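Order of writing sets the chain letters: A, B, C and D. Residues in each chain are counted from 1.
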Amino acid sequence: MEVCTIGGFEQVGKNMTAVKIKDDVIIFDAGIYLPAIIEIQEEEAHEHIYNEKSLRRIGALPDDLVLDKYGWTSKVKAIVIGHAHLDHLGALPYLAHRYPQAEIIATPFTMAVLDEILEGEKIILKNRKRIIKEDSTYVLNGSSGQIKMEFVHTTHSTLQCVFIAMHTSEGTFFYALDFKFDNYPVIGDPPRYNKLRELGRRGIKILVLDALYSGAERRTPSERIARNLVEDAMSSVRDRKAAMIVTTFSSHISRLKSIVDFGKKTGRQIIFIGRSLNKYVTAAVKVGQCPFKKEIIMMKYRKQVDAFLKKVEKDRGRYLLVCTGHQAEPGSILDRIVKDETPLKLREGDNIIFCSSVIPDPVNINARDRMDKRLRKKGVRIQTDVHVSGHGAREDMRDLVILLKPKHIIPAHGTLQQETPLIELAGEMGYKFGETSHLSSNGKVLKFD
Amino acid sequence: MEVCTIGGFEQVGKNMTAVKIKDDVIIFDAGIYLPAIIEIQEEEAHEHIYNEKSLRRIGALPDDLVLDKYGWTSKVKAIVIGHAHLDHLGALPYLAHRYPQAEIIATPFTMAVLDEILEGEKIILKNRKRIIKEDSTYVLNGSSGQIKMEFVHTTHSTLQCVFIAMHTSEGTFFYALDFKFDNYPVIGDPPRYNKLRELGRRGIKILVLDALYSGAERRTPSERIARNLVEDAMSSVRDRKAAMIVTTFSSHISRLKSIVDFGKKTGRQIIFIGRSLNKYVTAAVKVGQCPFKKEIIMMKYRKQVDAFLKKVEKDRGRYLLVCTGHQAEPGSILDRIVKDETPLKLREGDNIIFCSSVIPDPVNINARDRMDKRLRKKGVRIQTDVHVSGHGAREDMRDLVILLKPKHIIPAHGTLQQETPLIELAGEMGYKFGETSHLSSNGKVLKFD
Amino acid sequence: MEVCTIGGFEQVGKNMTAVKIKDDVIIFDAGIYLPAIIEIQEEEAHEHIYNEKSLRRIGALPDDLVLDKYGWTSKVKAIVIGHAHLDHLGALPYLAHRYPQAEIIATPFTMAVLDEILEGEKIILKNRKRIIKEDSTYVLNGSSGQIKMEFVHTTHSTLQCVFIAMHTSEGTFFYALDFKFDNYPVIGDPPRYNKLRELGRRGIKILVLDALYSGAERRTPSERIARNLVEDAMSSVRDRKAAMIVTTFSSHISRLKSIVDFGKKTGRQIIFIGRSLNKYVTAAVKVGQCPFKKEIIMMKYRKQVDAFLKKVEKDRGRYLLVCTGHQAEPGSILDRIVKDETPLKLREGDNIIFCSSVIPDPVNINARDRMDKRLRKKGVRIQTDVHVSGHGAREDMRDLVILLKPKHIIPAHGTLQQETPLIELAGEMGYKFGETSHLSSNGKVLKFD
Amino acid sequence: MEVCTIGGFEQVGKNMTAVKIKDDVIIFDAGIYLPAIIEIQEEEAHEHIYNEKSLRRIGALPDDLVLDKYGWTSKVKAIVIGHAHLDHLGALPYLAHRYPQAEIIATPFTMAVLDEILEGEKIILKNRKRIIKEDSTYVLNGSSGQIKMEFVHTTHSTLQCVFIAMHTSEGTFFYALDFKFDNYPVIGDPPRYNKLRELGRRGIKILVLDALYSGAERRTPSERIARNLVEDAMSSVRDRKAAMIVTTFSSHISRLKSIVDFGKKTGRQIIFIGRSLNKYVTAAVKVGQCPFKKEIIMMKYRKQVDAFLKKVEKDRGRYLLVCTGHQAEPGSILDRIVKDETPLKLREGDNIIFCSSVIPDPVNINARDRMDKRLRKKGVRIQTDVHVSGHGAREDMRDLVILLKPKHIIPAHGTLQQETPLIELAGEMGYKFGETSHLSSNGKVLKFD
C-alpha cells in the first residue's frame, strides 16, 4: 500500500490524500486553501477570476499534478469526500475533470453542497456521483480486487461527516479528517465507538488523522456546550427595541439550529443574510436535515439585503439577523454594517453575538480588533467566543488511537509544528517515529509493506 | 460616608472592608490569605501553630489594626460575611474578639461553615450571631439612625452567596464580592436582575466590586456548562474495572452535586475523602442544602482513609473517590495517592478527573506538572480543566454596573494589576478615575460626601 | 503644591503636566498622540488638515482646556519641554498661543526641532523662547517668589534630554520623562548620578516618573549594545552587489551615528531618505551635534527620491539607504519600496536591517507581518530587532527612586495597566499607595501639603 | 552512507550520532541527559550511585545499544567529541568501554575536561586518545578507505568548539553541534566563513545541525554583548561595603573572563567557589587558555567554602564571589547562601548578578521564582538575564545552510517541536521534507545513496 499525501500536510487547508493498492488509486478529499485566495484579494484591488489555472498559480489547489509524475493519475477509481467543508471539497470542481474514470463518493449533504457550489460557479462535472449514507458500505471493483469502503458516522461541525475505513487486499486504510468526539451533538448521533473498537480489533494498517489541535492537552467540549452558551448569550439580550445580530459559520447547521431555537424565544423574525448561508441551508433542506427551515427567511442578494436593512433600521427590535463576517472579512455583510455602509446604523444598546473565535492570524486579529473597537465606540453590546471548536484535541486523538490500534499513524491537517504533537502523543503510546508514526509533506509518497 | 479598604485590595485573599456612617462602623468580610500559610508550610518543616499572633506575623490576616489608629474599632456594630469561602470568612475566628459589640451576620450556610471552622479550631466567639436569609432585610439601629441591609441572592461557586445593599442616612453602599451572573445555576436561582435594577433606580452611592477577572473580555460561563463537562468526562470512563477519582473544590456544593449525579450512573459507590470536604458537606446538610447526602459515604481521618484505600486497591472498579488535592498540594490525599504513599497504587487505565484549573502561580504549575507527568508515566487517563470559574469577567461587571448605576466604583479582590482593567471598563462607561472610580490600597480610607 | 496631570496618564502619548505653586503655573511638556492621527488616516482616504480644532476633535492633543476650568490658564509662566520627541513636543505648536505670557524653555536641540516643526507647519509662535543648556539652572521670578529650575542631563534615545528639578517655596518637584540609565551612551555623557543623589539628599517632594516599562523586571541595556548589534548586522552583509537598506527612528541621532560609522566601512555611499529624517538631522546640525553630517546625503522630496532610486536599481551595491518605515506604515518610503511602488525592485540577496522593534499593537503587528512575508518571498535577507529601547525598566526606576528618595511618586507615560507596576515597585520600597504613591488620570488635580 | 541518530533527536541532551561508511562507523558526541539525573535526585532523598547500569535505567545515557542490534558496534573506529559540554561529552565515561577499538578524538580543552571528569569519577578508559587542534585535519585509515576529518573552529559558549567535516568515499558528512555565528567572541576567533564556503563549494552530502532555537526568527547576539552587559551590571554595584555575588555557567570561560576583568576594577578579591567551576577552570589552565588564572582564588570543598564565607560575612565588601547555582538548584552553593544555610547572611544592599537565563521548565521557573522572592524580601539587589545564549537562532542557521549548501539537512539537539522550524526554514530555501530535509528519532537509521 502506498500513500501520497498530496495536500494539507504543511498547512491548514487543501486537504488531499491518495492511496494506491496495486493498480487502483483512491483519492480522499480535494480541498481548497482559502488563505491564498484572501491574500490575493487583499493585495490586488481588481476583480478576480477563479479557474484551475489561476488557483494553481496562487497555491490555492492541492498540487495533484504529482500524480502525473508518479503515473497514478489514470489509475484513480474514486474520489471520496469526507465532509462538506471547503478545505475538503472546494478544489473538486477544478480538479475532478483530470480523473474522468473516477466516481465522486460522498454523503447526501456533502454531495448537495457540492452541487450548490457547482451551480454557483457554473461548472459541470462529468464524473459519476455516488451518494452513500452514513454507516453504510460500498464495494468498488478495482483491478486489484474488491475495495470495500465503510463510511462510519462521526461528529464534527457540519452535517453527515464520516470516517472512511477502506478494506483492501493489502490491509485497511483509515481516513479520519475532521472530527471531534462529541457525545452530545445537537443534530445527529454520537460517534460509533463500538464500530470503531470492532474495526480496531479486525486490524487497521494506516490511520491518517486530523492532528490540528494535537498540541492542546484536553478534549474538545461538545457542541451541547456551544448550544448552552448560545442560549445564555441570546437570553441576556433584554432590550426588546435594540438591534440583534448573530454571526457564525454558514456550514454549521447545528449551531444555526441553536440560534434559531433560542431566536424564536425572542419573538423576533429570523432573517438569514448572505449567499454562503443560503448555499449550506439549501443543501440541508434538500437532504431533509434542516429542522428550522420554516422558521427563517433567507436573503441572498445585496440589493434585497440593503432594502431590507432599511426596514430594520426603523424597527430594529423586530428582527434577528443571522449572517457571516465573524472574522471581520472586508466586504462581508457584517463588515459593511459595522462601517455604516448599509442603511442599518448601529447604535448604543444594539447587540452582536459572535458565535466564533478569532482565527489566530495577524490579519484576522487586526481586523477584528478594529471591528470591536468601532462597536465599543458606538456603545454596541458585543458578546464574543460564543463558540466551541469542531476539531478534537489531544485527548480525542488518544481515544481514537486506543480504539483503532492502527499499525501506522500519519498526522494530517496542519503545519509540521501542528502535527508533531501527535507524533509525541503517539510516542507516549508506544509508536516509534519513523517506523510506525510518520510525518509527511505535500506530494510525498509513503510506502508500507 | 467613609470606606476603609482593610484587606484584599492588593492581593487575592484576606478580603475586609469597613464602612463608617457617623459613629457606626460596619465590617464586610474577614478573610484569610492562604498563600501566606502555604508558603510558611513549604519553607519550614516543623508543625505550625496558627493563632492571631502567628497569622498576623506572616501576613495571613487583614491588617484591621488600622481601625484602632482611626478610632473606628469601638464603633463596629456588625460584621457581615457575604459567603462561605475562606478568603472572606477565614480570619473571623481570629479577629472577631476585637469587636465584642459587633454582631456576626451571615446566611445559614455561611454561618454553618463558620461554626464548623470554630469547632475544628476549638475557638469560641462571644459575638452575637444573626442568621439572615437570602433576599431578606435586616435593620440595625445605629447611633446614626437606622441602617437597613438588604441581602440580595447572587450566584458564585458555593451556597447562599449574597450581595449586600446597605441603606444609610448617607446613602446606599453596595458590596458585591464575589459573583458571576449565572443564569443557569445547578443549585438555587439565577441572580435577581429586577431587584438590582430597582436598587439602581433608587440610587447607589458606592459599589465595591469583585474585579478579579476584569481583564478578561468575556462573560464567565454558567455552572451548567461545568455540569455538562462533568457529565461528559465521567461518562467517558468506560472501563468498569479501573479506578476512578474526581477532585474538586470542597466548598463547591453544586459541583459536588453534579459529580454525585453522574457518579450514580456509573454504579460505583461514591466516597468523599478528607476533612475539608467533610466540613463543607456537613454545613450543607445542616442547612438542608445537600441534595446528595444519602448517596455518599464520608471519610475523614487518615487511618480510616488508608484502610479503605486497601479495599479500593483490590476492587478498584467498585468505587468512585471524590477528594481535594487538585493543585497537587503536598500532603493532600491526591498527592499521597499519586506518589504511591497509600495502599492504592494507580496503574494503566485508572482515571483521574480534575474538576478545577491550575491556579497560575509557579508553585502550583510546577506541582501539577510533576503530578501529571507521574500519572502519564503510569498510564493513568487524566482529564483536566473540567471546570468553569465562579468569578465573573469584564462583561458580567459591565452588566452589574449598568443595572446599579452607582455613583462611585471601587474595584476589589485583586492586585492593582487585576483591578485596573475595571477602572478602564468604568472609563468606557463614563466614570472618571479619581473622581467616580477609585483604586484603593489595604488600610486606606476613602471619604465620600 | 498642586499637580494637574493633563495628558499621558491614560495612554502612551500626549504627555503634559502642570504644577501650581500659589499663583504660578509651570507646564511640563505638550506632546501629541500619534495613534489618533494614524487612525484617522487609515479610516478616511481623503487628505487631512491638522489644526488645533481638528486635532482636539480626534483626541490627538492633551486636553489642556481643564486649566481654564480650574482658573490656571492665565497663571502659566512657562512651558518646559524635556526632550525633542513628538509625544512631548508635538502639541506645542497648536497650544502655545493659549499661554501668551509663558516662556518656552528647552535645550538647544529640542528648540531646534521645535523650530523645524513650526517652519514645516508654517506656524508662528509669539511666546518668548529660552534656550537652556543641560546641567544649567534657570531662575524664574514668579508671583510666589523665585522658582529655580535645574536641568539635569539624562540619557534616553535622542539628543539633549533633561530631568527637571524645580525648586519652589513649597518644595522641589522633579520631572523624569523619559529616561533610561545608560552608562555607555554613544553620544554624550552618562547620567549625573552624583547630582541626583545630592538632589535626593536636599529633598524631593514629588517625582513624576516615566513608568512605561515598569512591568519588565530588568534594566534596559545601554545604547552601546544597540551599537554593537548594528555593527554585527551591517558587517554580516557580505554581498557587495546587493541592495542594503537600514530603517530606524528619525530622532535617534546616536543610532544614526552608529549606522553611519559602520556604513562607512562598507564603502557604500550613505543616503538619508525622507522628510522626517531631514528634520531631525538638520536640527542636530544646527546645534553642532551631528558628527556624521559630512558623511551623508539627504533626500527629502518624493520626486527626488524616486529619481535617485532609479539609479540605485541599476547600481544597488553602491549605496546604503537609511529611511523610516520600520513599522511598515502605509505610504512610508520603505512600504513603497517593498510593494514595488518605486523604481527600486528588491530581489534575492538584497538586505534590510530593522533597527527597531515592532510596536506591539495589532495594526503594526499585522503590517510588519505582511511586509516581512513579502520580503521573504522575494528572498530578501532581513535582520530585525537590531534595537534597544530608550525607556528604562523596573530596575532603572528602582535606582532613580533610591537616588532621589522622593516623598511622593506619580507614575506617568502609560495606561493605568502600564503604570501600576511602578506602584507595586514603590510598595516594595516602602511607599504606600494613596498616601505617598499615586495613580492619576488625565485632567485630575492632586494636592500636596 | 548511513546515519544512526542515537540520541538528542527527541530531547535537549544526550547527543550522539553514528555514521557508517561501508564497514567503518564513526560516532559523534556521547552526551548525558542531565534532567533525568536531576529528577531522580528530587524524587528520592537517598544518595545515588551513578554507573552505566543506573544511568541507563533512568534514561540518562543515549541508547547506543541499538548499535548492537544493527551490528555496528564492532565497527566503531572513532568517537569524536565536538565540544566540552556534558550533553556532548558526559556519557563517554560510561560508554567508551563498549568500543575498545575506537579512538577518542577531541580538541585539547575538550580532552582536558574529559580527563577531569574521569579523574573525579575514578573511571579509567582504555581507548586511545587523540588530541587534535582546531582547524586541523586528521586522516583515519578505515577498512573502507581513508576517512579525512577536518576540524573547523566555530563559536559557541565554551572553549575550542569545532564543526567536523568528514570526507569519505561516499561523500562529506558535516556535524554542526553546537554553534552560533559570533563575529566578536571574547576569547578566540570568529567562525571560519571562508573555510565553510569553500567546503560548501566542494560539496556537502549531509548536514546534522543544532536546531535548538530554529523557532526564533533572529540571529543570536555575540558574546561581546554579554560582556558589555556584565560590565554594566558589575559597575552599577556602587556600595563598596555590600556583598557581591556573580553566578554563571562553569564551562563558560569567556564569560568568566569578562566577570574577572570587570571584577578586578571593583578592587575586590575574586573567589571561584565550587567543584564544577574548579573542573573547567583547571582544564582551561592545562591547555593554556585561562587568561585570568592569576587573578582568582579557587575554593572547592564545602568545609573550606563555609569557613571562608564566615570571613566574607564580616568583611563582605572585600570579596567578589563567583559560583554556580543560577537555576536555584537545590543544594547548590547559591541556594545554600540564599537560604541562610552558610555563615554568610545576605542583607539589604547586597548584590547578586545572574549571568544566565532561567531555563524555561516548570521546575526551574518555580525554583528561581522562590529564590528571587526571598532575595527581594531581604532587600538584596538582583540583576538577572545578564546573558546571551551560545546557541544560534534561525538566521544563524540560514547563513550556515547558505554557506554549506548541503544536499541533506537533519535537525538535531531538540524535541521534534524544536526541530521542525528548521525543516520549515529549509523549506523556504528549497529543501523538500522527506527528500532532502529529514526529521529523525532516537535510534533510527537514515540511509543516503
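Just so we're on the same page, a contact is a pair of C-beta atoms (placed from the backbone, for glycine too) under 8 Å apart; a residue touches a chain by one contact, two chains touch by 3 or more.
What you see is a predicted model; the values in this text were computed from it and never measured.
The set of chains in contact with chain A as well as chain B comprises C, D.
Between the chain pairs A-C and C-D, more C-beta pairs are in contact across C-D. Separating the centre of chain A from that of chain C, both taken as means of CA atoms, is a distance of 49 Å.
Annotation: 42 Å between the Cα-based centres of chain C and chain D.
Counting partners per residue, chain A has no residue that reaches two or more other chains. The touching residues of chain C, counted against chain A in their complex, run 362-363, 365-366, 369-370.
Within the complex formed with chain A, the chain D residues making contact are 10, 415-417, 420-421, 423-424, 427, 432-435, 439-441, 443-444. Interface residues of chain D facing chain C in the complex, by the touch rule stated above, are 181, 183-184, 193, 217-219, 221-222, 224-225, 228-229, 232-233, 235-236, 238, 376, 383-385, 395, 399, 428.
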